[in-house]
Amino acid sequence: MNKIVKNAEEAIRGIEDGMTLMLGGFGLCGIPENCINALVKAKTKNLTCISNNAGVDDFGIGLMLQQRQVKKMIASYVGENAEFERQLLSGELEVELTPQGTLAEKCRAGGAGIPAFFTATGYGTEVAEGKETREINGRMYVLEESLTADYAIVKAWKGDRFGNLIFKGTARNFNPMMAMAGRITIAEVEILVEAGELDPNQIHTPGIFVQKIFQGVDYEKRIEQRTVSK
Amino acid sequence: MLTKDQIAQRIARELQDGWYVNLGIGIPTLVANYIPDGISVVLQSENGLLGMGPFPTEDQVDADLINAGKQTVTMLPGSSLFSSADSFAMIRGGHVQLTVLGAMEVAENGDIANWKIPGKMVKGMGGAMDLVAGTDNIIVAMMHTNREGESKLLKRCSLPLTGKNCIKRVITDLGLFSIEENSFVLEELAPGVSIEEIQAKTEGNLRISPNVKTMKFD
Amino acid sequence: MNKIVKNAEEAIRGIEDGMTLMLGGFGLCGIPENCINALVKAKTKNLTCISNNAGVDDFGIGLMLQQRQVKKMIASYVGENAEFERQLLSGELEVELTPQGTLAEKCRAGGAGIPAFFTATGYGTEVAEGKETREINGRMYVLEESLTADYAIVKAWKGDRFGNLIFKGTARNFNPMMAMAGRITIAEVEILVEAGELDPNQIHTPGIFVQKIFQGVDYEKRIEQRTVSK
Amino acid sequence: MLTKDQIAQRIARELQDGWYVNLGIGIPTLVANYIPDGISVVLQSENGLLGMGPFPTEDQVDADLINAGKQTVTMLPGSSLFSSADSFAMIRGGHVQLTVLGAMEVAENGDIANWKIPGKMVKGMGGAMDLVAGTDNIIVAMMHTNREGESKLLKRCSLPLTGKNCIKRVITDLGLFSIEENSFVLEELAPGVSIEEIQAKTEGNLRISPNVKTMKFD
């Protein structure tokens, strides 16, 4: 068993126009920089992207938006991106806003074989419009359906050739659930190690959820709000 | 009238030892600066961190360690890191004891609107809908009126809702209010603010608590 | 903030007759031995116990069964226990058998504020009797409700005074989900360390889910099927 | 007639490199002994382990490392440990490529019964219902007849079901069968077994594959 591919270009082979992708990350933290750059080069079009955010104008998913590769975004927060705003207001881009916790749970559910679940989040708001609601134990809930994707693309700190992953800091965020929900999951890692080097007890994403893995290069890891105390 | 820091200071007095607390962006973030002596709380950042510490020094900055406002942060001893699904399991499951967040409008029935202005660019609700649905104890911190001087404490929210019937306490630059039986109940006045001013600036049904008092600050 | 209590006796104070308890463990692996022994001493009665298994005659939950402290068991597998069988056949004990994956998910859902979810598990079997079923994307699913408990009692390898937990090997099993689903969660650990000694990136159960913690004593860790190769 | 080891050996030939496999208790466990050269599979133990290795030596025994049959086991390089919820997320989510398990009865429509005999002490279904509902590719390994000599390949299961319409392949001591269009289709015969014997011992609808052949063992 060897899931290692050479680089991002090889990893994204198979991603076609019109597919649905999940992309890990929160803001610019923990995003799969190498694969995004490869998708930008590949010019794959009409993509539906599921990601908590949509990057900024010149980094992350923003780079794909600049090239109009994205037909639809499913996200919880899409500020900080002027080109995104332009495409949305002009009708070139479709957006489905989903509460952050519901989005995370929809991905986990998709990976875990749970087609739908009830949550109180969004009850009585426009998020619940057109969805089944139900009273359970005296409280109102909304039925939310799970999400899966043709490809999930995640970024981890360390990984091995079995696809086992360890994330770092808050760069974990949506990556583990999206890894579960991809029909094919690509993991790019900062450090690729031999099988057996990662402590089995410390693995965040077991390799069963990952089909392709490679060590990325030249991580920029841009910081959106560099805030320091004296 | 309270300054933003005084609003944060007043909210901080509500904290109890051992609480897990989620502080929203803006005024709520300032609450962390006023945690009373002898009270230890754990700050939750919904992007996957419990035990958030102060902003880092230049040489501590780590791109892989940010808060929900995308600011670089640090971790305190006893911190833990987790996924977004686990983070919102905590929030949705009611394990966070207090959420403090801002709002554009609050209604006398406890409705809150803070994520969308029709006709303007929509940025998204982020985790706000999960936080107001998941936490029992929510304090809304906001200015009493908007830039046009119109009340933000309303009979009914005019903007798209973030959550229904979920807010029980509001603190503004003018005072502290609980929400009970379709009314804002004035519990505490800001120094220098009169009941008449609050009556004039509150559109929603207003009641004055029989025990109403004026806040004190050192 | 200090969640440390002295021992199991102090930890279980507050558990009253008739309460619902979750107890971590798979077979005898990863069970909260100290708290079970304290409950046996306390003779708390009419308990509903949610646990994947029911122990063996002279260890684990089996010790509580010997004393007829358990009114009802919710479990996925209850073999290897003669006294259990006797009480069940005589009608002294009520049992609700739940598929193992559904049981795990019901606990997680209870802790995560999800009151109900759909699963294909058990569709067309007696497990689905009396439950709502529904076709979603061409497949039939059963609606399962979540579980919570008055007290969840879990066993971890290491923990700190904030209640952060790290499990070891397959002793993790049901412990993390049950920790989430207890209104009050008690954790007994083999090694209690200072806050800051556990790597935040390696914590399996964040302390927010734990209300009381103590370092257990005299762990027997009995093995049910000692199987060796030459 | 196949021995239990030959049943396991035949199943092992179905394994493909890179598969994640869950092996039930009994005959299925033996499959691990016959994994072909050049094929690398990862064994899943539903109590929370991927990469299960052989039984430990005396000095390797660890009470905190058992399989779903509660036997002490070891881990291979590249293993991972996880909770029961994560384990069944893998199973329910269809991430396990093959499940091999035993059964009391299988029906021509793919129903399986393997957890309960009314009137007898019920031990529980454990993870079996999740495994048959979650895995596309399931092989049932069992004796063709019960102790009374009655067929276990039936028109309809008489015992309470573990899963409906989920079994597509059965291997017994007499042969290998696929389940298609409400029939058991005999694909391979055990050495020394005649089609007539299988016809006599199969209660469910039986078809003989036009390509039926006899299994070979070294």
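Each chain gets a letter, A, B, C and D, in the order it is written, and its residues are counted from 1.
Please note the rule applied: contacts are C-beta pairs under 8 Å (C-beta built on N, C-alpha and C of every residue); 3 or more make two chains touch, one makes a residue touch a chain.
Since we're looking at a predicted model, the values are computed, not measured.
Under the touch definition stated at the top, chain B and chain C share these contacting partners: A.
Counting C-beta pairs in contact across A-B and across A-D gives the higher total for A-B.
Computed from the mean C-alpha positions, the centre of chain C lies at a distance of 29 Å from the centre of chain D. Between the CA-based centres of chain A and chain D the separation comes to 36 Å, rounded to the whole angstrom.
The centroid of the Cα atoms in chain B and the matching centroid in chain D are 55 Å apart.
Multi-chain contact residues of chain D, defined as those touching 2 or more other chains: 81-82, 88, 91-92, 134. Shared interface positions of chain A, defined as residues touching 2 or more other chains, are 105, 108, 112-114, 119-120, 167-169, 201.
Judged by the touch criterion defined above, the protein chains form a pattern that is neither an open path, a ring nor a star, and not fully connected either.
By the definition of touch given earlier, these chain pairs are in contact: A-B, A-C, A-D, B-C, C-D.
Chain contact summary for the complex, chain B toward chain A: residues 45-49, 54-58, 61-67, 69-73, 81-85, 87-89, 91-92, 111, 121-130, 133-134, 160-165.
Of all the residues in chain A, the ones that touch chain D in their complex are 1, 3, 108, 110-114, 160-162, 164, 180, 194-196, 200-201, 203, 206-209. On chain A, the positions that touch chain C within their shared complex are 105, 109, 112-120, 136-137, 139, 141, 145, 166-169, 201-202. Remark: chain C residues 26-30, 52, 75-79, 85, 88-89, 95, 97, 99-105, 107-108, 119-127, 157, 168-177, 204, 221-230 touch chain D in the complex. Listing the residues of chain D that touch chain A in their complex gives 17-18, 20, 40-42, 44, 50-51, 75, 77-82, 86, 88-96, 134.
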